[in-house]
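The next part holds the structures, each set out as structure tokens.
Next, two complexes with chain A in common: one pairs it with chain B, the other with chain C.
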Partner chain A sequence: MANIAAKRVKREIKEVVKGGEGSLKLEVVSNSWTDLLGEITGPPDTPYEGGIFKLEIKIPETYPFTPPKVRFITKIWHPNVSSVTGAICLDILKDQWAAALTLRTVMLSIQALLAAAEPNDPQDAVVAKQYIENQQMFTLTARHWTNIYAEGPSGVWEFNQKVQLLLEMGVDEHKARVALSTYNWDVEDATEQLFS
Partner chain B sequence: MSAESDMEYSDNDGDEYDYYGEVDDCDMDTVDQSKTDPEYFLFSCLRVEEVEKLLNESIELLSNSLQITPSLAKVILHAYEWNAQEIINKYKENANEVLIFSRVKSCVPSAPGNSNGSHCAVCADTNLLQKFSALACGHYFCNDCWAMHFEVQIMQGVSNTIQCMAPECEVRAPEDFVLSHVTKPSVRDRYQQFMFKDHVKSHPQLRFCPGPNCQWLFRAWVREGARRVECQGCELLTCFSCGAPHHAPTDCITIRLWLTKCADDSETANYISANTKDCPKCQICIEKNGGCNHMQCGSCRHDFCWVCLGDWKCHGSEYYECSRYKEDPNLASDSQHAQAREALKKYLHYYERWENHARSLKLEEQTLACLKSRINQKVMAGEGTWIDWQYLWDSAKLLKRCRYTLQYTYPFAYYMDNGPRKELFEYQQAQLEAEIENLSWKVERAETTDRGDLENQMDIAEKRRTTLLKDFLDININNASSSKV
Partner chain C sequence: MDHNNTKNASEGIAPMGITALNETVLTNQPESRYECPVCLNWLRDPVITTCGHKFCKSCITSWLQNSGHCPIDNINLSMKVDIFPDNYTKREIQEQRMSCPFAGKGCTVKVTPLDLDAHISTCEFNQPEASTHHDVRIPCSFSAVGCKETFDNQEAANTHLHNDILSHMSLLMNAYSKIKIDNDMSNTSIDAKEQEALLWEAPDKNGNEASTPLPNDTSALIRALYERVVVLEQRNREQDIVIANISKQLSAFAVAKMKQNNDMLLRYCMGNYIWKVDNFKARLEAMLKDHNKMLYSPGFYTSPNGYRFCVRLNISPLNPLCFALHVHLMKTENDEYLDWPFNGRISFSMINQYDSEYTQRDTMMSNSSLVAFRKPTSEICVRGFGYNEYAEVSDVVRNGFVKNDVLIISVRIKCV
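Now for the complex of A and B:
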């Protein structure tokens, strides 16, 4: 089976290169067809626009009869992606996988997921809650994360300041950002959670 | 269905305590059972071969009347929960709809076929020598890929619901298609095993006995409410409706709530209940160091009951008050903390009794084993024959049955709303509890001369049990109300 998997992966890397979509990139890591690195750009008209998101793609022995394991390496604020582990909640990576799907279609689906979140089937409950209750706050937060972690355009200046404020209090930068994002950028609430 | 509707109950002189009895005398007692046993439920215990025969009959019926292959019939029966008649009727109306619903056919028009077999989208091979095949949806793939696809799915435990390899195509692969591609005998065997399990699971009249390594199956026609089925093989008592241990008078939803709750909270509950209790008089912390529930506080010499913390003097005189849960009336200042503590106290009250009876049941299982050897000794010593001692054996079995019901009254009471109905329930529960303890005491000390007394006690305990079940087991309540209409 490994034979098919290797052959498929080689062909699929070519397919992505040939496909001509500038928004996708796929390459092998350390010459092994089982570990791949994917890259997608944030879709236009979304808070992820201008960002570049790295994906860790692991190919199982039984590929393509079982789905590849994909997660975000780049930290991202999205209802269907864990802000902690980068795990993705996407049907085609689970029970809706079909052997005829390819890594290119998987990456395109993830890109589509960034443009159209499914807050009712969340991977990250905190983000999903914000998405449902305060969409504007969600958009600003997601843009801020894109700016910090995915080389996106600069976001709300005030957010950076708030992170800086907690940083000076001795909090780890990422932890501070998570706490602030969770509490709608309310410094007091975030501090309380961090120091309780 | 008829078994349910002709269930009527009468108070008759119950010497039918043998109805649990042996399998052989089942038929003889059938009529009596349905009248006297509030838990009576018509079911049969089947072997794997018998179930296979049963399933095959349905498959044959459908494939003959619709002129389709047996493996296609299996896919359709699985989708329609084995209701062959419904399928036949619907098929006559609209065959296409039945095929789409069972996912034999695709709901979108079949794909433009590349049946000439030039290219397989899965292995990316363009091998002209390779053979291609497709399901009804027309998605062609090479046979090697199909074989590997099936193998992977089967090893993951999928059988009836293996789908086509094309994206978003939900068409299912019938048995003959799968087996024509899979050649490894071990994988084929696994597939057949999983198929059988899947068929049983999708069949509303069938259920596997959940006993460890048990090969028996149950068949019954009603699948709601607490329904007792006893396995012929491992003697396990389960509920046909939900597969949990048999739980009358508690219903299926409540017992699930209770069992989850116990699984979540029992560690804390065990620790608190096992380690500390405060003396009801001087509040000093007391650790129980013996089996007896009659406690005397080492500090203030107050005598009390370990289970209910009530004064020992007024304990045990009237009926067994200890089983009734009383809410603390002085709970006016209900701060959140006090409420949480009260909730925990309430839960622990019921949990302790539930656990206690479960433990007693296990101990009485041992008593049953001892009893056999005790009877043997008596018989060998010339003190009566086996028949003379039969009553003792029966009484131990009856004791087990009564205590079992008693154990399952505690989750029922825990989730009951306060009110006269709960009071009535707890009254009956207390009565049952008292009679069971009497019986237990007598069984442990029985000699031949006690026979009349013991049989009397058996009768009383069983009466209490059936009365409680008649009044509170909801399958009976529903029957009673529907028979009035």
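Now for the complex of A and C:
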């Protein structure tokens, strides 16, 4: 790993630790400073509130002249995050990256993205469609996912029941949840999609 | 965020060396006005942009290779027209002096912030101090004898010590026997010369036993054995020499004895000499090739103090198809006391080795008028007496006189 990248990552970890934002965590998972584990909490007054979201952060050799590669490890229901891969659609992780940005600012930006989705520049078209067409359904679904995958405090009882229903039909739990979420928790539509 | 938890988590994952490096590197944290926003380090060869941001020259150069914007405010920047050296900041940074982070260990070096990293990597006080780091696990106190257990805290270590007495005992036993064996081995093998000197102590003048106290019984035993070995080796060497001498004498004696035996046979044959011409074929060929070649028998005596004769066999100078056979008188130490000329009967028998019936026998009487029977004047009398044409060569070769490449001629000389 390039010397400048390693040195910078060391400083950046310290910056996060010293920054004192309780909402951010950053840890090294490899000896070479190339693999980091980030953690952000869901912002208040959002469906993600109270959730803890893990981020996989890979530092490229050319860092900080190229952006770090960041994706969600924790499954999340968000228009700008793939519900399948966790890939994040965020300009500063792509063409708007600037060398003066840091892992702390990146994580803060991702946190801000949770608070202010950009449905017009979606990563997950299904989620974005729901976000635009049925904001209330989106909020409940996102809260449900936060509760299930990110230790979020408030579950949605009705959704849990529906997942349970499909589970009893022999469907994989996550697949059931994705199908139900996709079809606005219409069990019939979800079942049809799952068994077609 | 719980600050302590984060710290523990971070350091728990990072390996020891990296964390240690991390701390020293991070102590060299620049003030924000001297910090490059790209490398987050002290500005090295600082430059300032038209939009008013400072960077290391190399950092902004690298950045602008792939981007046309300021890394901070995204304003368009051109390397050629928007970047200027910031010598004011450069001077400010160079005037800073920082203490080595190992000052606490005694390093008194103070350098500019730019040189600090270089100094840290070569600082003689930059030794990993394992014990201060909480990642280091406490090894079992029996680690020296092979216990591989380590513990988070002293309490766990004590519990282990308490519970594993038996395994520690066996480890100790193994270690002890190994040490003992090594010790004993070193006394015998490692440096033989030195050990020899050590072990071989001549008894002192008062006849007391060796003075140095020995570490244990085994050593004493080995030393006693070693001394015995030395004595035996010495004796062995002496006896080897004796044996070598004796065998040399013996073989000389055997040679002498053989010679004597031959001499005895010749002297005491009482004129009955059996001449065995071995290797006959080769000798014959040599004689056929060169007619001047002759075969002489050793000299034999008619009695122990009597006349001495030898037999001559050669290809007849008169007839190359025949053998000539003669006897010649030879000088003896007793010639003075003998009667001359010799008078006696001389018989030749060429033995047919397959059928004695065909053995060729001839007897002659001496002729006192001949030179051949006078007292010899040379070692062998130049004149012989016998047959110029004794036997045909082909007859001798073919008709059973030669067996196993040996021709046997019996000569009987009797004084009258």
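In this section, the second predicted complex is superposed on the first by the 194 of 196 C-alpha atoms of A that agree within 3 Å, B and C clash if a C-alpha of one lies under 4 Å from a C-alpha of the other, contacts with A are read in each partner's own complex, and residues count from 1 in each chain.
Quick note on the criterion: a residue touches a chain if its C-beta (ideal position, glycine included) is under 8 Å from a C-beta of that chain, and two chains touch if they have at least 3 such contacts.
These numbers come from a predicted model, not from an experiment.
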Combined model on chain A: chain C and chain B, fit or clash: clash
Partner chain(s) touched by A:Arg143 [first = chain B, second = chain C, both, neither]: neither
Partner chain(s) touched by A:Thr105 [first = chain B, second = chain C, both, neither]: first
Per-residue touch tally on chain A - higher for chain B or for chain C: C
Which of chain B and chain C A:Lys14 touches, first, second, both or neither: second
First (chain B), second (chain C), both or neither touched by A:Glu27: second
Colliding region between chain C and chain B, picked from 5-13, 131-139 or 257-265 after the shared-chain fit: 131-139
Chain B and chain C contact sites that coincide on chain A, given as residue numbers: 4, 7-8, 11, 64-66, 96, 98-101
Residue ranges of chain C touching chain A (in the complex, touch as defined): 1-3, 6-7, 9-10, 13-15, 18, 21-22, 25-26, 29, 37-41, 53, 59, 62-63, 65-67, 69-72, 74
Chain C-facing residues of chain A, complex: 4, 7-8, 10-15, 17, 20-29, 31, 33, 37, 64-66, 96, 98-102
Parts of chain B lying in touch with chain A, wherever the complex brings them together: 121-125, 139, 141, 145, 148-149, 151-153, 163-169
Complex contacts: residues of chain A adjacent to chain B: 1, 4, 7-8, 11, 62, 64-66, 92, 96, 98-101, 105
